[in-house]
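My questions all concern the structure below.
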Amino acid sequence: MPAPLVPVEIREFAEPELPPGGALLRTALSEVCGTDVHLWHGRLSGVPYPIIPGHVATGTLDAIRGTLTDAEGGALREGDRVAFFDVHRTCGRCLACTAHRTPTRCGSRRVYGITDSATEGLYGGWAQKVYLEPGVVVARLPDGVSFESYIGGGCGLLTAVHIIERSKIVLGDTVVVQGAGAVGMSAAALARAAGAGQVIVIGAPQSRLDLSLKMGADVVINIDTTAPEARLEQVLALTRGLGADVVIEAAGSARAFEEGVRLARNGGAYVIAGHYTNVGDSTINVHEHINRKHLDIRGCWGSEVGHFLRALRVLERHHHDVPWHLIGAQKFGLAAINDALAVAASMEIPKALVDPWS
Amino acid sequence: MPAPLVPVEIREFAEPELPPGGALLRTALSEVCGTDVHLWHGRLSGVPYPIIPGHVATGTLDAIRGTLTDAEGGALREGDRVAFFDVHRTCGRCLACTAHRTPTRCGSRRVYGITDSATEGLYGGWAQKVYLEPGVVVARLPDGVSFESYIGGGCGLLTAVHIIERSKIVLGDTVVVQGAGAVGMSAAALARAAGAGQVIVIGAPQSRLDLSLKMGADVVINIDTTAPEARLEQVLALTRGLGADVVIEAAGSARAFEEGVRLARNGGAYVIAGHYTNVGDSTINVHEHINRKHLDIRGCWGSEVGHFLRALRVLERHHHDVPWHLIGAQKFGLAAINDALAVAASMEIPKALVDPWS
Amino acid sequence: MPAPLVPVEIREFAEPELPPGGALLRTALSEVCGTDVHLWHGRLSGVPYPIIPGHVATGTLDAIRGTLTDAEGGALREGDRVAFFDVHRTCGRCLACTAHRTPTRCGSRRVYGITDSATEGLYGGWAQKVYLEPGVVVARLPDGVSFESYIGGGCGLLTAVHIIERSKIVLGDTVVVQGAGAVGMSAAALARAAGAGQVIVIGAPQSRLDLSLKMGADVVINIDTTAPEARLEQVLALTRGLGADVVIEAAGSARAFEEGVRLARNGGAYVIAGHYTNVGDSTINVHEHINRKHLDIRGCWGSEVGHFLRALRVLERHHHDVPWHLIGAQKFGLAAINDALAVAASMEIPKALVDPWS
Amino acid sequence: MPAPLVPVEIREFAEPELPPGGALLRTALSEVCGTDVHLWHGRLSGVPYPIIPGHVATGTLDAIRGTLTDAEGGALREGDRVAFFDVHRTCGRCLACTAHRTPTRCGSRRVYGITDSATEGLYGGWAQKVYLEPGVVVARLPDGVSFESYIGGGCGLLTAVHIIERSKIVLGDTVVVQGAGAVGMSAAALARAAGAGQVIVIGAPQSRLDLSLKMGADVVINIDTTAPEARLEQVLALTRGLGADVVIEAAGSARAFEEGVRLARNGGAYVIAGHYTNVGDSTINVHEHINRKHLDIRGCWGSEVGHFLRALRVLERHHHDVPWHLIGAQKFGLAAINDALAVAASMEIPKALVDPWS
């Protein structure tokens, strides 16, 4: 991706010389997610174009120089099926990393496929081989978890693990998820896995809602065919008039926020995870929707190493009963990469996959 | 108070016959707080006028029928200096009281001086004697805590105890308090008492800011003489550019909310306690101020029995070094009760006291 | 049960006259749980024998005087299939109920079938009709949840809901449950329902472990055929050498506690719920097992109204996939009630059911 | 310290050549704390003798190669008065560092003066110059905070910040601190600073208890002149028969643990921080002291970067009213270093200071 709004080009790079502790991943699959569309539209600031997109990728270890270990100290070997955590160089020393316990707000953080320039190396999953610099967290895919399952979850699954941690779901809670994209669908699946008594997904189009039902939603509400008042009434009807215990915003719409504060019950929680970019201002009545409601609103930014590692455990547990592989609905080779972007931008499918070798 | 917007009248009532477990308080002091002004302006819905205002009061036990015990089971006796918790009839059975752990949202709650009609009995502190119905929580004032200290704290102190609980202040935190009224000043005092490394109060007029400094603020910022940008800059300058760890909204202004989300740091907390009535809508950018900031916003409604009991412990500890008695700046007898309301409404002083016997 | 260690007798009582808000339950099923065995053995102090045992029961509403509402304010009607929360008269005013937020430690609490004497009324589920005094929390059984499922869960399920709340399980955690009784099996089922990546049950006999597998355990370890060291090794092997994220003690054995602190990982959590009676002292090394391990040990006593209400939501969600009805393995009529006690005391089956009409 | 149980020797080392990002501290003061006595007695395993003791030190920056920044990114300069965090090389990638959020249990951690051999460099505060390797967290002492105040707090203050975080003190709580050493005294000071309504220190000898009163304790109890039952009675008398809301173990005694579970109230918290080494087994009754008591016991190991940074904020706030400088009661030069160890081992004074230049 040489710059925003121009076609993505295929370029050739020499294989990097690995430093001790470095490795090369032979990419099996990467993804085109909403962030990649934002990158292409130039909506993120400070991006060092040209970049190799694809912040999430999975494949096999192609080469290791010296020793490479996973988070638990286990040795990784060439040929292992692995994934890596795209966020790296988190400093571990600043206030965000330490006293504040919010490493996703560390100023030193860098992210594969987004903040690392192609001029620096193979830092993106759309490359056939990805350079895993020393310090990047690499983990083996659990047995039985396919590349398709992992990448179908992808960054959305990691974000969803973070969302669920922030949501503090208690057994029997009613959870409303706003948004039926990759994040919303994984959040719905994990809300159910975390003990929700009832999961309601609000979104569109119908095809994504149908998939949301397969992912674990009990009820879906189509925003294309309903008004906000009707949706509120439906949620109240499903919660004996109280509203949802937990609402999860994974829609990225200013209107969704205004609606979400109404859907939550008194003393409930509202996790905000979909406003990855600026989509304009929202208007709320603080008396009615926050103060009197005794509501908790929790912003949820990015994901941490721990969420990546837990996501693998979740996949191990649930890959049989949650069809993550269906989220990545269509595969594209590098020759068709601009088509992949176009399809992702059109929101026809929740996520396009990239197989840079096909 | 026969109805909104008409003068308060003095009426005589017969002393009630006490049921077993009931008691009469001989009022020493009650208060005119912002809520009473709201009541007078008719801004609260569902109020069963005529009412005897004064939801908070303190005095001596005048008569007890049968046994009256405090929360710890200790016997109370006639002549004891006591205070009572104005919220009563919380049901203990509904979801708000139990599974949701938010008893301040119980639908059965009633509040002295607000939701109890004068036609039902002496349910308000502006009466010379207040009827303490069975089940109302009554507690002895700690030795050395004067009526003036208790009532100077009053309902604002109880709310502040709740605020501090919600704020989860950690040692060394910078806390910004928006609002220099009775709630804000107690919140500033308690933020300091709870370990804040730095307490900044933003409000007006200057006289209240001066008192805020005596209450425990380290820095005060006058909103009458500064613009929001200048205030943000000052908070950033005092926090090495990060913003406040905790912001407490005790201002009851739609603009304060919009400012507060800017004053908090990444991963910080913002407790909303001042929007007791509807003061109109607020506009925020969810991406910038909640999601990317990974911010926690916590609505804080009313107070619970536990906050009342803790407030007494706080007064016992701090009545020497925190001048709560200065918040109740002026005392009024019943004959001057309309003057008291006028003074409170004018915001000249943070709180007017009522001595119904003078 | 006239007194400890003598046979239980069948006595006839007149139907009580109901006060306003009171009701009668026509018992469908009650249970003989471990507590009933303790009562029979006289191991609980302060029990006002004679008592009607059966602190948990379910059935249909036989008579209501006036209005009876559920926790959400919905009207209940005669003929409704309901359950009630056995703990009542929790005061809502003492420190335990309020400031400490531990209502299970309220000194005023009374419990059907345990602390209420038969001389006071029909306060126990082994009676054909149970008196539901005003204030007792009553709730409708969700559609599709059979009496057998509810009572199979019974008090153990409520305790398990409390345990899971205290355990703060995060997605992917490994959870070890010590004990394969009614509490342990429900805890295993709920740990899985709350997102555990792996659930290991340690207990005996094999029949209970087999049932634990049906309830949701992934791995079971038989204490009759293994030594503590072997069990520790197995847990370490299943957790890459780290130990369990969460250990739940539902065994009621002093040795189990000594073993449990070893099974938890560094920074893990250990919830203690099985020591309902005094089974002697335990010996641990505080340096090794608590301090250096940075371990959280959390006592978990009884259950609250909220746990009862959540248990019904959990049954509604999971009665199809978790076979609670299998826990109550055998039904007894009143004529065979002493046999029921004997079977329960022998630990042959996890729980005996009582149908007082058969 | 060439080896356990032999006299400490003074050795000369060449000044190290600094790598980029490295620095040299000119030591003003270091300390002899209980850990140094343990090191001398050989009670810690895996220590790579010979070592330069003194894990905590403060002084001025003597030399910097390249850029050295503090945690907030501010540039540090030669001549600055600074302290550094003794724990370094925490990996930031393992489960302890990430998913478990317990970086003090990271297997890669190293600690100045304890786990770093003198053969590797100047890794200890008893040296005149300490090598600050790249990555070590360095911070400026706040204005007005003397070297004596900082080192008087020392490692005990950092541990105390961690303890207070784990204790979750709420306004008005009664806090009992077991132990009147450097950790216990700082914990008492910080418990008060964090809002405790009452702080009780249990320990010996009387001189330390007297200093504890100056540090912030309200009540002290001398274990040399009282029996455990009398101490329990006194704590009950001070808490209306309930027991302490929070108990903090900073005594390092197996008996203290057995006593502490009795001192806590139902639903209270017990933080275990003093069992830094193995002092033998403790015996408790799990039914009585954990389960029925619904008690939280929280192990607290070491301290994190965030605790170091917060400790500096605490010193900035409280160095005027809390006499940390009195904890370091006596200063020793290198020539008298074995006397310093002997005094510290004798427990005559809470902490000996080391000025390696005198």
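Order of writing sets the chain letters: A, B, C and D. Residues in each chain are counted from 1.
FYI, a contact is a pair of C-beta atoms (placed from the backbone, for glycine too) under 8 Å apart; a residue touches a chain by one contact, two chains touch by 3 or more.
The shown structure was predicted, so the numbers you read here are calculated from the model rather than taken from an experiment.
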Figure out the least number of contact steps between chain A and chain D, where 1 means they touch directly.
1
What chains, if any, are shared contacts of chain B and chain C?
A, D
For the pair chain A and chain B, the C-alpha centroid-to-centroid distance in angstrom is 43
Please work out the Cα centroid separation of chain A and chain C, and write it as a whole number of Å.
39
Of all residues in chain B, the ones touching two or more other chains
72, 95, 100-101, 242, 309-310
Which residues of chain C touch chain A in their complex?
72, 74, 161, 164-165, 170-172, 190, 193-195, 197-198, 240-242, 309-310, 312-314, 316-317
Spell out the residues on chain D that touch chain C in their complex, using ranges where they run on.
95-96, 100-102, 104-105, 242, 245, 254, 257, 265-267, 272-288, 290-301
Taking the complex as given, what residues does chain D use to touch chain A?
71-73, 90, 92-95, 97-101, 107, 135, 137, 304-307, 309-310
